[in-house]
Structure formats: structure tokens, C-alpha cells
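The letters A, B, C and D name the chains in turn, as written, and every chain counts its residues from 1.
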């Protein structure tokens, strides 16, 4: 602990008002040199808003910020960068059209004779990314890499920019264990160098693993700051939720495998996913496990027709069907909650209400608008069951906090009452309370007879709800675990085994 | 061998222009000339490009209907150097005379003046408030026809232009602008309309009729070009006078060229076409029949 | 529905105010501006002219609003007007009735819309370039039909569409108001409006949600082609002739301007056809001021530019925001400070 | 090193070479220095504005005012040189600072008032041409020995082609433009802006400064193009260069730059200009097209080029990244 040293950054009385909502109400935050400070809270508690106020992305309505004792007031992220505050915002905020190297060095490119030196930029990039276990071509456009890779690049950029403070808003949401480990080793190095680090996440184990202190927000107010060495997970959860999280580890109803629903034979697409066979039954949850880039997302997209398959056939209840585009999939009562909620999920300027009924309306057709009463009923029901925090159903969905957007997307598909629901990283960015809620929800849906395919990087979660787990590696199915075989250990083993086999 | 001649036309912005193109093609065909036609879409830069391409191609002569008077020196010099004679059609240019062989044009100022003179005679000293429909702002016919008309009525204190607005040489703008004139001044207070081309006059005639007035009687109408539709209007007494701008500029130009090539006859620098005045006294129906197939 | 009406009114309030101001300007330069009389069996007056002369732009901006809502733009409408007008004229001149001519013109307009729509939705060519092709070639096609001349016709039925009246009201006014109402109801009483907005905001998301974005995209270009065709027929009928060279020339810019003055974002998404139509009236009123002012035509463009810049500045999000804050702080003098601050909307900066 | 992102550029270059060869095989006199020199001279002003337009389009914007600014510049120069005794060089400096300021003002309005570039520059287009009218509706010839001197600076190649100063100015503009786009921080910021303004802002790109500079650059280059155009015609004319903005946009797009912003090449624009020039030259050499067929053929060829580009890009990238890129319309 580094008590006694003077604070690097201290914020007092930060407030931020949005129409119909007080996002931050007199929030204080103090960061010391060499500490990792976790910022915790439910979805919509105000964490991201606080970050944006500190870094000048939002104009705060009240409050002061002192950096190493000096009052500062950055009005743009450029200024905060110049002050030595590096930030990763919640959604990956990099430019897909620029190359990896250009993204990493935007604004501080190495120059020679006043001209940007590409060769130096690229060698530097390769060197920096090696620390994070990424061996990618720095000269390729960023868009050719997955969200996870982009996330790592964003982190690397922020780290490079942070002279004094590093702020990470849910950096691990789409990362795998290995990447998280690498990230933590980088954080520890920075910590040793005396940086102050703000770490926002909903993974409490990660909080306890890396952080020294935690500040908890609830409804825009600070409800407490704790030394983590002296606190337990339950304390923190209690602080966050204002209540105890009832233990949900209940006896699971045995998987009663229903009739086969969807049969995929030799289904695949050249250069995307190797052909595979998969049968999904009613009332079962098939988990997709694998490392980053193993092809989970691509498999999900293939089945939903986002990227049409170019070989194999699909049978729904024994009848051959076509899955050439999402519209057909929706027509067959499929649903897909995509991984990349910002670009493939939300329709930002439409209201939360409209976002929730969008898929249902699309299935109903253009000329049969849902009745207003029905729409309100649906939207209100899901806002309640999923506990979506919002000022009004009429606010554009992009103003919701990240986790709440995720819940609204889930609501969109639940509203269509699908037979088969594909969830790609359904709990990404969801707080502990809601996390448990969603796991329970998946369980309930399964019991009702729905078939689910869930891709997730969180193995505990997969283990919790899957009745069958398929392990992917290099876009190929390499293993399948059923019943009692399903455990975190076995999944990790299955992934590793394959690796060893290849190495051998 | 057959002659190859390049013809750089401004564009096809009006019926008159289309007629000029048709007539030029006919005249060339009549003489067995291979005519290379280039439409410049109203842009001088395209005309210069076309001229340069003609030169690169090594045509025997060039017909140029310049979109504007200025800016031709350089390219005409190149043509001269390549010994390709250039004949100007319907407008002349601001360049030394030795750079082109001849210009076949009407006198735009003169046309305006004929219109002014006609109106002065027609009114015979009575007071008259005139509204004017100008051509496209900045185009040389608009400038010169305005100037000529003002000259034509300058010695008559009874004639006064009370409103003048551009109608862009088009029929529909002519109608729109006339409508606003009628309302702004009151139909009874307008005694005559001068339009820089017939198309605008035809549009204005409709506006006058819709306002419940009789074009040609309540409001005298004089315009320029002598396109078929204005003769039709004159035949039914809805317009009073038009001044012809012949679309056959190429005929005299090609005659001069052939004479020059045959025996070196150097044509005059300016071959002026006639600016013939047509009034209600002419057999307008017959003129209409005569003109209607000329490609206007 | 009362709720819906109030929302609409709030949405179009800025446009109505601007329209009122510009009309007032007209009144200042020409005191008889608001005088309407019944003359010659028809309503006669400057205000009627604004509505009548605004018809082509108004018609165009019905389709343009939808196209722009999908994040697109249709530069070809002016050329489509010329083609449609030429087709109608050509048909009546060759002896067909006005009904056939109208149907012919509309079919041609729909074909143009289909062409644009296919380029945009299926070949994935950016709308501005895709429609640029037809903008350039279309006028050529129209001239091909008329052979460069003004194709004059005398068919009373067709002329009635552009220059006739019904109960004293010029037909074009009835047509644009009618079509505007039909399309507005058509998109708002069905799910179409929302779905169009969805694909304009985020096509990828919409597609994943199961929306048939391609067919929807083609449809909006079809509507645009349809509107352009009607506008083209009206313009031709107005002067009893199809002027392929000049019909609708540069009118696409006016239509786009009307949509923007109507407060619709060129980046797609939320739209209001009613507001665009008022935008078209605003533009026509500006033209009217210029004509009535009696200033030399050299000044036309400068005046138009300055008035438009003024309108746009007033409409810009930044100025709107500033006005909002001003009003909020004025209203909240009496209120407690926290609530006052709450009224302040976010000046959006992130995400 | 050739990257996948360079593909559109390669396609454009290839298209030009193939098209030139095809034209040459039909009309051998198209393969002369005259035609090559004409391509450079006649398109000099268009090339210069297209460089500015490339920056604007890469940044995700558009500048519709350039054609009018060229006309305004010409009229302004002509009127100033006619009515005052100012030296042309001083007049150039004056007009360039005017057009730069004009562009910067549009950029400032776009940024600070948060308005779409399309509309702001449309108003700018009306304003610039309106101002040109107010200065003079008549075309005003420029007669100054300095102009004669500048016009006499050319190199006559064997075969009769004249490589003029204006062509050289265009080539230099392209060269500097390429360096600016790809080798300076400003250039990188332009690309960043095109990739997403909000994201770029969060990454610390100075939006206001960059936007203003982009439009100032475009305005300034339109001014330079105006100077070149006035050298080309020795006159100022308020009706000149109507619709040049569309030609410039078309050239930029044919050159492989996406109108959605974020990707593109200044060098591509150069070939875009050459391709458009080639189309025009070919049509004149052919000489049989009527006015209307000329329009239809230009539209058709524009379409063909876009399609070709689309097809090639698609063929080479489809394997790697299927359908997931919703080429935002």
C-alpha cells in the first residue's frame, strides 16, 4: 500500500446531470501513486460517466480535479492525454480504417525531418504489442482484427499515453484468461513505476486479484471506498447492490433433452469456419468455448446467416431450411444477441422502446405495426424483468450505460419469443447482480423448452448453464463435453490438449 | 480527300442551340464533310479541351461556337501554329483577328436594338411600362440584348423599364418570373414585355393568360430568336414581334471555308447574319410550318 | 393520437417559425403579399404562388426525405424529372391520352428509382455516386426522347395537372399536399417509418435484427423516383412542353436543402416529411422575396445564400442547444439549482 | 510493400493504362505527346481542386463550393488587375488568403455549429458565385505582361505537345498533397476524422483545428485552381466552372477514395483525373456522339469504372472478409 504519498489525482464533488437523470452526484475520488484503484458499481451507476468527466470527454457540471496538487480542468481528451492521463473507454474507441500502428501512435507519431516515419512506427508497434502477446501485422487495418485484439491495442495505446494515470473502463470484458494475465502483468509493471491506475470491471475476482482499493458507486453517489485487503467479496457486493446477493447455486434440473430442433450437417464457410455437424435439441444449452479468435463468434454468425454458409445444410425439425440471411433466421424463430453490441446490436438513435421491439416488428412485417399498447406492455415488462436502468423508455438507447444496452438487446430477442436463441458473450459488461439474473434467466428459458447456443469467454458461467459444451480451436470443433464432464478444468484441459497435440 | 472538320458546340441548353447543331450537321453532310462533333456541356474548359483534341487529331478546320468571348488566345494560337483554320459561329471572341479566319454571327446588341426600335414605333409616343425577362445572368446574349434594347428605347422618354429579372432563358422560369411581375406591378400597369429569348416569352404568355389578361393585346410582347413556337403564338395574336437569329451559321462559314481552300479567297473577318424582324404582318403560321422540323 | 399530434407540432415548430419570418419578409418588401383574390376561376395571389411554385421541390423532398433517412442521397431527381416530363410529352404527342402519359411517366420514374436502389442496395455503391450516374446520363436520356427540343403539347388533361385548378386551387398544390399526406400516413401508420430510420442509423444492427434492409432501401429510391416523375409531369404540364434541357435542373440541390431546413439529418435516422415540406415552402418563399424585391438579378444568389445561411445557423444543433440553455436558466431562476442544472441537456461528446 | 488497402489505387492505375492502350489502338494519334500534354494542361485546375477535395472526402466531408470559388477567384483577379495597378503576384496572394479564409470559415461553421458539410458548402457555393456576379457579370479579360510571361513558360516536346507551367503546378500540388496526406500528422488526423469523428476526438485528435484546416486547404487549393484557370483563359468569368465540384468528386471517387471517408489516396485522384480526361478526349476523337449521347456515354463510363472498381475490390477481399462490412451507404 502506498498510503502517505500524496495523491496523484483527486477529484472532489464531481457532478453530472443528464435530462431526467443525475448521473453523478458530488463524487469524490482520490488516487495515489502506485495503486490500482477499482471503480465498482451496478450497470448505470455512473462509472463511465465519471471517467468521461475526469478526462474531459464530458463537460462536468460541478466539481474540481487536482493532478499532483494542481487544479486541472481538461476540456478535451487531448488535454487530458497531454496531462498524462491515458484512458481506455468502455466501448473500443479506435479507428477501424487506420492500421494498427497508426492507431497506436495517432497524435504522437515518430517523425523524421518533420515527416511521419512509418518504419519506426511499425517496429515500435510490434515491440509494444509483444508485451501483450499479440503478433499481428502492424500495417494491416485495425478492422481486420477481432474486437478482442482491438481491445488489446486500445489498452496498449492508453498505457503508452499514461504518464501519471491510467484509466481502464472494462478492459477485460472481451478478453480471455491469458490476455487478462498478460494485462495484469503490464499493470503491475506500471504500478511499480508509480502510476495510479483506475480499473473498472464487473469481474470481482479480477478486482481482488489486482486492485489495492475500491470505490463503489451507486446511483451516481459514492457509497464507500475500501481497502481490498480488508474487505471480502460479499462486503463489496453488498455495497454495490445495497443488498445481499442471494446465493443461486441451486440444484440444476437435469437436462431433459427434448426433440432435435436444429440439425446442421457439414455446415461451414470457406475461410471462416470449417464444416461441422451440430444438432441442437429443444431444452438444451450448448456452450461454445474456445480461445480468442477460435471462431465462436463466426460460428454464431454463420448459423444466424449474418455471414451465409457456403456448404452444408440446415434442418429445422427435420425439414431442410435456408439460412442465407438473418431475416430468414428470424423467420424460423431464431434470435442472435451479437457480441459487438455497438456496431451490430443497438440502433443508437432509436428509443429503448423501439430497440426492444425491433426484431419482433421485423418479423411481423412492414405493414402490421405492433399496437402501441402492446409495445408499451412488452417494453415495460422487459425493463422490469431485466432491471434495465433508464430515465425513460423514450430516450435513445445510446444514452444507456453499456450494461443496460446489453440487457435491452437481450430483451429485443426475448420479445420475439424465439425457439432457438444464440447468445454471443451475453454477460459482457453486465454487473454481478444482473449477471446472476441472466444465468438464472437462461436456465428458465431452457426449462421452458427453448434451445440456446451460448458463446462466452467466462468458463464459470458456461459451466453454470451449459448442458453441453463444444470446444473450438482455430475455427474447428475439437471437443465436446457433456453432463458431468462439464467443468472449468475440463474445458481448459480440452483447449490445452489440442494445443499440445498440435505442438507434438 | 474528304474534309474533316471539328465542331465544338456549347451544349444543348435550348431549342435554338439544338437547331443550330442539326443545321450544322446537315450543312456538313450536304458538302460531304466529315463533321466531328463535340458537345461542351456549357463549359469553356471542355471547349478548349475539344479544340486541343481536334488539333491533336489533325482536322482540316474547326468550327467553334464559343461559350464566352474571352480566354481563347492560347488555344487559337496552337491551332494557327498547326495551320488549322478556325471559324467562329454565332459569337465572336476577344482575340486578335489573325487567330481565326472568320466569325459568322449576328449582332446581339443590334438584335436588342431592333426590338427596342420596334416597341418605340409600336407605342407611337404613348406611355409604356416595360418588364424585361433577362437571359442567364452573365451570359453574353443577356448582357448584349439588354444593352441593345436600352439603346433602342433611350431616345423615347415614354418607354420605361419598370422591372427586370432573369428568367434563365427557360420557358418555366419565364413563366414564374412573369407571374411575380404581374403581381408585383399589377397586370394593368404593364404595357409591354421584352424577353431576351422566345422561350421565356412563351412561358410568360401562359402566365399572362392565367392572370386573366390577353397577351399581345393587354401586354405587348417582343422577343428574340424566332423559334417555331413563338410564331405559333404570333399566329394567334398572343405575341407581337420576334427578331430572327438564324441557326444556320455553319452554312456561310463552310461556304467561306470551301472558297478559301479552293482558291485562297480570304473571307471577311465578320460575316453578319441578318437580324430579321417578324411581326404580326407576316404569315406566322406558314413560318411555323417551315421551321418546325428544323430541330428547334 | 393527441399525443402524436403534439409531438409532431413540437417537431415542426422551428420550421413553422422560420416560414412565418420569411413570409413576413415578403410582406415587408411587398405589402400586398397576403392578398388572395378569386380571379378567373382560380385563387390568385403571391401566397398561392408560393404554394404552387413550391410544388416540384415539395414533391421531390417527399422522396428525398426517405432516402436521406436511410443515410442516402438522391442526386438524380432533377434528371428523372426531365425524363418523366419528356416521356409524358412524347406519349401525348404520339396520340395517347393523358392517363397513359401519366402512367408512362410514373413507370419511367419507378424504373429510375429501381436502378438507383439496386445500385445502392445490392451493388453497394455509395448513394451519392450511384445517383450521380443517373444525374449525368439521365438528362441525356431525356434529350434523346425530345431530341433536344422543347416538346410542346396541347393535351388538355395533361396540362390540367400542371396549370389547371380544382375548385379554384391550382392542381399542383393539391397533388403535393395529397401525396405528402399519403406518404406520411403510409410510413407512420405502418412500421415502415421506424424500420427506415433503423437502417439509416445502423444498417448492420438492423440486418441482424431481421429487417430486410435491401428491399427497404430499394423501396425508398422507388418512392423518390415516383415523386420525381410526378414533379416532372407537373413541370412539363405547367409550360405545356417538355424542356429536357432545363426541367428540374439543379432542383435536387433545392430538395436536399429543403430536407435539411426541415431539420432532418443528412446522416440518416429520424425524419419528418412534414418538416421537409415546410422546408420546401421556406425555400420558395425565399425565392419569392428575391423576385418581389426588384433588385437586379446579380444579387439573387448572394441574397439566397445569406438567407439560407441565416436559417441554417439558427437551426444548427449548437445554436439550438445554446437557446435551450438560455431558456432553461431563465425559467429556472426561481427553481432550486439542482433542478435547473438537470434541465441542461448534455452537449453530446462521446460515443 | 503492397497492402490490401492499396488495392483500389492499383485498380485505378491499371484501369487507366488499359484504357489508354485501348484508345491508342483505335486512334493512334492519341498516343502523341500532344494528347499527353493536353491531359495535363487542360485538367490542371481540376486536378488542383481534386487534391483538396480528396482531403475533404477522406475526412468524411464534401466541398460543393469549389467550382464557384474558382469562378470567384478568376473574376476577382480580373477585376483587380483591371481596376488597380496591383502586381499579379500580390493579387494572387490576396485572393489566396481570401479563399483560404473562406474555406476556413466554412470549416469553422461545420465544426462549431455542428452542421453537415454538404449543406454548409452548398451555401458557400451560392455565396461565392453570387459574389462573382456582384463583382462582374461580364467576362473580364486579363491583360498583363506578367500573365503573358507565365503563359510563355512551356516546354515544347517533340510531336507538338506543350508542357505548360499550369501542368507543373498541378503535379507539384499532387506531390505535396501526397506527402501531406500520408506523411504528416495533419494527414493522419484527416484519416482519423474520416474513420469516426467522435472516436477520433476521444483519441485526442483536435477536431476543430483539423476540420478548419481541411476546408481552408480545399478553399486555398480552389483559389490556386482559380489562378491556374485564369492563366488558362486569361479572363475572369462569373459563369465559369459550373459543376466542377461534381467532376472533382467523380475524379476522387474513380481514384479509389470512399465517399464515406477514412480511406483513399491522393495519388488515386491523379489517375481519376487522367481517366476522366481520357474519356473526354476519346469522345472528341470519336466525334459522332450527339449532345445527348455524350451525356449518356459519360454517365455510362462513370458507371463502368465504379463497377469495375467494385468488382475488383470485391473479388480480392470477399474471401477474407465476407459481407460483414456493411458498406455504409
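As a working rule, a residue touches a chain if its C-beta (ideal position, glycine included) is under 8 Å from a C-beta of that chain, and two chains touch if they have at least 3 such contacts.
Remember, predicted model here, so these are calculated numbers, not experimental data.
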item: Chain pair showing more contacts of the two, A-D and B-D; value: B-D
item: Centre-of-Cα separation between chain C and chain A, whole angstrom; value: 43
item: Averaged-CA centre spacing for the pair chain D and chain B, given as whole angstrom; value: 34
item: Separation of mean Cα positions, chain C and chain B [Å, integer]; value: 35
item: Chain B residues counted as touching two or more neighbouring chains; value: 12, 18, 21, 137
item: Contacts with two or more other chains, residues of chain A listed in rising order; value: 57, 89, 93, 306
item: Residues within chain C bordering two or more other chains; value: 143, 147-148, 204, 207, 298, 300, 349-351
item: Pairwise chain contacts under the document criterion; value: A-C, A-D, B-C, B-D, C-D
item: Chain D residues touching chain C - in the complex, by the definition given at the top; value: 62, 109, 112-116, 118-120, 122-124, 126-127, 129-131, 133-134, 137, 198, 201-202, 246, 249-250, 253, 258-260, 290-300, 302-303, 306-307, 310, 326-329
item: Parts of chain C lying in touch with chain B, wherever the complex brings them together; value: 30, 32, 39-40, 42, 44-46, 49, 53, 143, 147-150, 152, 163, 235, 238-241, 243, 245-247, 288, 291-292, 294, 296-298, 300
item: Chain D-touching residues of chain B, taken from the complex the two chains share; value: 6, 9, 11-12, 18, 21, 35-39, 41-46, 48-50, 52-58, 68-74, 78, 82, 94, 136-140, 142-143
item: Chain C-facing residues of chain A, complex; value: 15, 17-20, 22, 52, 57-59, 61-62, 89, 91, 93, 304, 306, 325-327, 329-331, 336, 338, 342-350, 354, 358-359, 361-370, 398, 412
item: Residues of chain A defined as touching chain D within the complex; value: 57, 76-78, 81, 87, 89, 93-99, 102-103, 106-107, 109, 111, 114-116, 139-141, 143-144, 157, 161, 269-272, 301, 306-308
